[in-house]
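What follows are several structures.
There are two complexes below, and they share chain A, which is joined by chain B in the first and by chain C in the second.
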Partner chain A sequence: MNSTKPLSLPRYRWPGGVRTGVWFLLVALLCLPFADLDVSSLDPWREIGRMLQGVISPQLMDPVLVTEALLATLAFAFAGVALAVICGFLLALMFHNLLVRAICALIRSIHELFWALIFLQFFGLHPLTGLLAIAVPYCGIFARMYAEIFDQVATQPEKALPVGSGFFSALLYTRLPQAWPHLVSYTSYRLECGIRSSAILGFVGLPTLGYYLESSFSQGYYSEVAGLMILFYLLIATKKLWLRRWTLPLFLLGSPFFMGSGMPIIWGNVGRFFSQDIIPAPLRSGDASLHSLVDWAGTIVMDQALPGVWNTLLLSQIALVVTGLFALLFFPLINRYCFDTVGRIPGHIFLVVARSTPEYLLAYILLQLLGPSMLPAVIALAIHNGALIGYLTGRNSNEIRLRPDAPERRTDRYFYELLPRSYPAFLSFMLYRWEVIMRETAILGILGIQTIGFFVDSAIQEIRFDVALLLILIAAMMNILVDLLARRIQLHP
Partner chain B sequence: MLRILIRGLFLMLLAGAVNAAPVFVFTAIPDQDETQLKQRFQKVADYLQQELKTEVRFIPVKSYAASITAFRNNQVQLAWFGGLSGVQARELVPGSRAVAQGVEDPEFKSFFIANTSTGISPSDHLPESLRGLTFTFGSKGSTSGRLMPEYNLREQFGIGPDELFSRVGFSGNHSRTIALVESGAYQVGALNYKVWETAVAEGKVDTSKVQVIWETPTYPDYQWSVRGDLDAVYGDGFTARLEKALLEMNDPELLNSFPRSGFIPASNDDFEPVRKVARQVGLLD
Partner chain C sequence: MSLLAIQSDALGYGDQRVLGPVSLDIRAGEHLILLGKSGCGKSTLLNHIYSENRRECALIPQGLGLVECLSVFHNVYMGRLPRYTVLHNIRNLIRPAQARVAEILPLLERLGLAAKCFSQVADLSGGQQQRVAVARALFQDAPVLLADEPVSALDGPEADRVMSLLGQNFATAVITLHDVDRALRYGQRIIAIQNGELVLDQPSGRLTASALNEFY
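Presenting the complex of A and B:
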């Protein structure tokens, strides 16, 4: 009964990861014709020249002010992250609850600058504004990551516990010890993000580094900017030296005292914000009807949300692909099969500087140089995120063991060995980063690029907080959708 | 760690409560270079402190909206607003009043400036050749850098700036508008005429690269606005003394830093034209 099977050539199928990458590439190429990528500045070189002059002649402004700003930057970061760690940890324990998961998804999908703009409306320039602007979104992030870490620990030890051991014993004796190193390393990474976020909060008026960066920048005092930036890089690069187990309590205890005093809080303002300011305008006025509410929302969606969402999508998809290309270009710089120990030093320095510079700040600088369009935003997002993913991919690629017959030439080794074997890890970093890039893209609107942040900022400038909140929620929904999509692709590439 | 944090929060709130002792705080819209603003308003703070015999503090903010919010939230009691921000702020704070304005403010105007590479020359109307160029306002909430220029553009061309120009931006403040049009990042811009004149007088503008091409009709602009509840906090007659002090600012150095030749009384009604225009343009409900 056995007949010979007709001989058929196996059909070649592209690995799923490669197909995913190609899809993203195609989408970005489709976006290109619609995106505004002009260099509109007539003479960018003059400004670049002035900036370079500033870089080679860095200057410290008033040392007292700078020290205060640095301390405030650290204070907001430490206190904000600490509060987020506590709340995030507690929420992580309840993460199986759908409501908790939804709340966490919502609060982390709203960017810390948006949170700051919201808190500013009723707390004003009070330390609480900065503290909560970091703590609230980070709490949502911690809850999710901690929950994922807890899910990955082995369950056998828990089963070995005596019958009747409670939830807390199980947590304390089995899950926590196993998860601990991962929790610590993730929290430490987040602290670095917190320092960056804290610095950026200065752009809306809190007394951190960004406050002085914005002032000096907008007035063209590039030497002062260079001085501040160098301090900031040193602060981040030396984190391992000053952040020790025994210094941590000092920072935490000290942080409440270095946030500046700001203006007093008046609690009546908080009530007013929630009971009046954010209530849609038609509901506040006399003729509250479903019709007027639909009209109101319809106008906002058509005139502001849709163009904002469209531009945010265009920009973030292009930025995502350029980020990926940059990361693939950058990661060999720190790969041990490409460069020797000394040769990797410049690469490491470049990647530290690029990933420590917040994209908001980079975009701000590039906008001054290249003029207003999406181009500076794409470059800024790609440099910062490309350096970050390049660093992660590079670290990952150092664990690869070359096959004995691996090519000798560096380019061959990269294309035939390192690239294919690093690609799955790279893709998964990128998918994680997708949502972050989208969130940052929205925020860059505050700088004048017409993503959804631009319309949020306009609404706030027009003292229309109902509109601002609606737009912020729309931006949040976008981020949540992208996050869901990214995880789906992650599971079934 | 929780206890530390709670203690920290408590201390912060306590610090807030202690600060609530009546220090008189004022702010101003960040309409031009911050260094200049800080110098100017520090002088004003010193002067007011001397006149009012109470501690006076100036708080700089980063946006027009932030100054309005601070005024509304009673975190500042006095503010140097533009025409539009004043109208917005007083609408939100019942009982608040415009009390003083610069001698020049009832007849304020905006300049339209253009990069010389556009070839547009000064004239007595907005030229047709503006169509399709790139254009920058100042801050989104500015009267002289946004509201009035937008109003005049709409009057002249019958369409909004988004349709008229190939690209519309917001530089953030008047000083940046000059810098951006001078560098060519934008071809045309509109700004506060006082900031332009001061910058030119101080030699900060390369007039071979950027020049004034049109000036708007006049309108009322900047003013000092106070909240209505000052006397209850700072004692009877405080508002009257404050008004008097503002009107009597006559130190030439102080006036020059604004720059205004003096201060005259103002009332809410003086800014009715601004409110009308803001409604028409859609910046006010």
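Presenting the complex of A and C:
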């Protein structure tokens, strides 16, 4: 203390996780100048005013129709998720197989709306389209998550079993009971996602909530939209009340009867889709030279895939960072060291509403208000995902036990205790979400933003399914790459 | 001259009574040691004193209460959060202020932690973490120290060094210990707790190690 001896001190460096976050922030800032973030509608405030009027005077349309829509929404969600659970569970048991892993990665990297667009081409508006659009991608998701859960249970019980116990007996007596609570809680979370997905499928014509939302919205009946949305929030918020162990079989058995009859499948279409529609154009026309094929693919890549991928990357990187900022802003709202029980209620309500609103629907609404640009998409993605990650981080931060002499000022407490302690969990939620945000960004193209979904949608409108499929596969590759990158960063921040 | 006066009925968690009625005067300039078996209510008493006198006290809690993903520097700095503006605190979190580093380094040096200044607390050993908590209390510079087993993870000479450092820097202190010899060496007044009651309250000069050992 008395002598001032020189001490060679290493420079202060941010912890690895913080550096990761700052890199993402810098990338997003670099993306900003290239992104179209203008408000192009002439008078957004008037429309916002009309919409707010609708919110304060919600109105129910024909109750029979509404009930049918809600039941159909639940039916597609329950049946789709149930099918996905069964297939996903079986695939999870084979997840050590590289081919199984690759197939699961591919099917889950294609968004359920893309799946719906594909199935629509050959099943038409048949219930099977909606069922499979949910079941197929969810199956890939369940396979991976279930496999991860199985990997995390203790292995000693299984090792201690006598030789020759058999694969299934060993599974039933050791791994399954240990993993059960985690499997159930994940499946229940996914069911909620399934209800949202199912509602959104209405936008492509299935008889779920989205169908009625779109038709009311496009006619400017905002009171009806508000009424439908309130019902939807109530449905999700009361899930714990109506979804019990004994009601589950009722929902599962009942779901096939509420999907609507749709249109009959024309099997000729199915055959034509696989034998003609999706065959690359040069092959179909008999000009099967490598040259013409490269030409065909090259044109699509240059004119559609590259701009689509570029816009998808720009939008998703910006949306990811805004999502993160929102989440860090939102999570103290439900933290018990920031607000008392009553003070946390508004935060809880806000987060449940924001995370129950599908980003696709939010983007649809905001696009009508603000005009076609990336701005409404960024806001929509950030509100939905920010509320979800904010909720997860907030729940996580409530497990923290503060010392008795923790800082008293709320801001000090946030920056020196809650934020550093919650940050690692927050970062891992974000890395998980990165791929989801990119998948959603691609799909928002259907609404007119020029991400890859825009080009997929245009190709389908022009009845060029070969092009659409190629673009969907390119989008899938992007998602798989981002998923791999996220996991690398997770392991070596 | 009493600095802190503790008056309370039963203390405990929920319905469970840990400590009976307590009446205790802590005089300025006095180093008071609480002795007793683990679970006898020492920590409960200490936390109670802290909750009644937050302004005057620096606390070294039993679990240390360090933020493991922050650096040693930031954990020590937390002792003085209330003295600075929120803005300064946020800035210092992002980039350590030179002046604060210059204040904290000598302190870390005396605790043998200078080289670890910018290491994450999670990377330190148990003994080093305990010294970080000690450094935080020293940096806070409060009139009274409340310490719950502040040297439990340190070896003999190290423990003695830290105890005398705490003794020099805090005029008044309430420290729980389980080592009778060390209690006699550093305490001026010793209180023993047994079965939820204060059973002994004497100046340490009048006590011997063998007399105290019966409380264990």
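What we mean here is this: the second predicted complex is superposed on the first by the 483 of 493 C-alpha atoms of A that agree within 3 Å, B and C clash if a C-alpha of one lies under 4 Å from a C-alpha of the other, contacts with A are read in each partner's own complex, and residues count from 1 in each chain.
In the analysis below, contacts are C-beta pairs under 8 Å (C-beta built on N, C-alpha and C of every residue); 3 or more make two chains touch, one makes a residue touch a chain.
Keep in mind that this is a model prediction, so the values were computed, not measured.
By the touch criterion defined above, A:Gln121 lies against chain B but remains apart from chain C after alignment on the C-alpha atoms of chain A.
Look at A:Asp405: by the touch rule set out above, it reaches chain C but stays clear of chain B. Of the two partner chains placed by superposition, only chain C is touched by A:Arg421; chain B is not. Contacts of A:Arg13 after superposition: chain C is touched, whereas chain B is not reached. Of the two partner chains placed by superposition, A:Gln178 touches none, neither chain B nor chain C. Looking at the superposed arrangement, the partner reaching more residues of chain A, out of chain B and chain C, is B. Across the superposed pair, chain B and chain C touch chain A at no common residue.
Residue ranges on chain A touching chain C, taken from their complex, read 1, 7, 9-13, 15, 17, 401-409, 411-412, 415-417, 420-421, 423-424. Those residues of chain C that touch chain A in the complex are listed here as 47, 50-51, 54, 57-59, 61, 63-65, 67, 69-71, 73-74, 78, 81-82, 86, 89-90, 93, 95-96, 101, 105-106, 109-110, 114, 117-118, 120.
For chain A in complex with chain B, the residues that touch the partner chain are 36, 40-43, 46-47, 79, 82-83, 86, 120-122, 124-128, 203-205, 211, 214-215, 218-220, 249, 252-253, 255-257, 259, 261-266, 269, 281, 368, 371-373, 448, 457-458, 460-464. Within the complex formed with chain A, the chain B residues making contact are 1-2, 4-5, 7-9, 11-13, 15-17, 19-20, 25, 33-35, 59, 61-66, 68-70, 72-76, 88, 92, 115, 117, 134, 139-141, 167, 169-170, 172-173, 175-176, 179, 183-186, 283-285.
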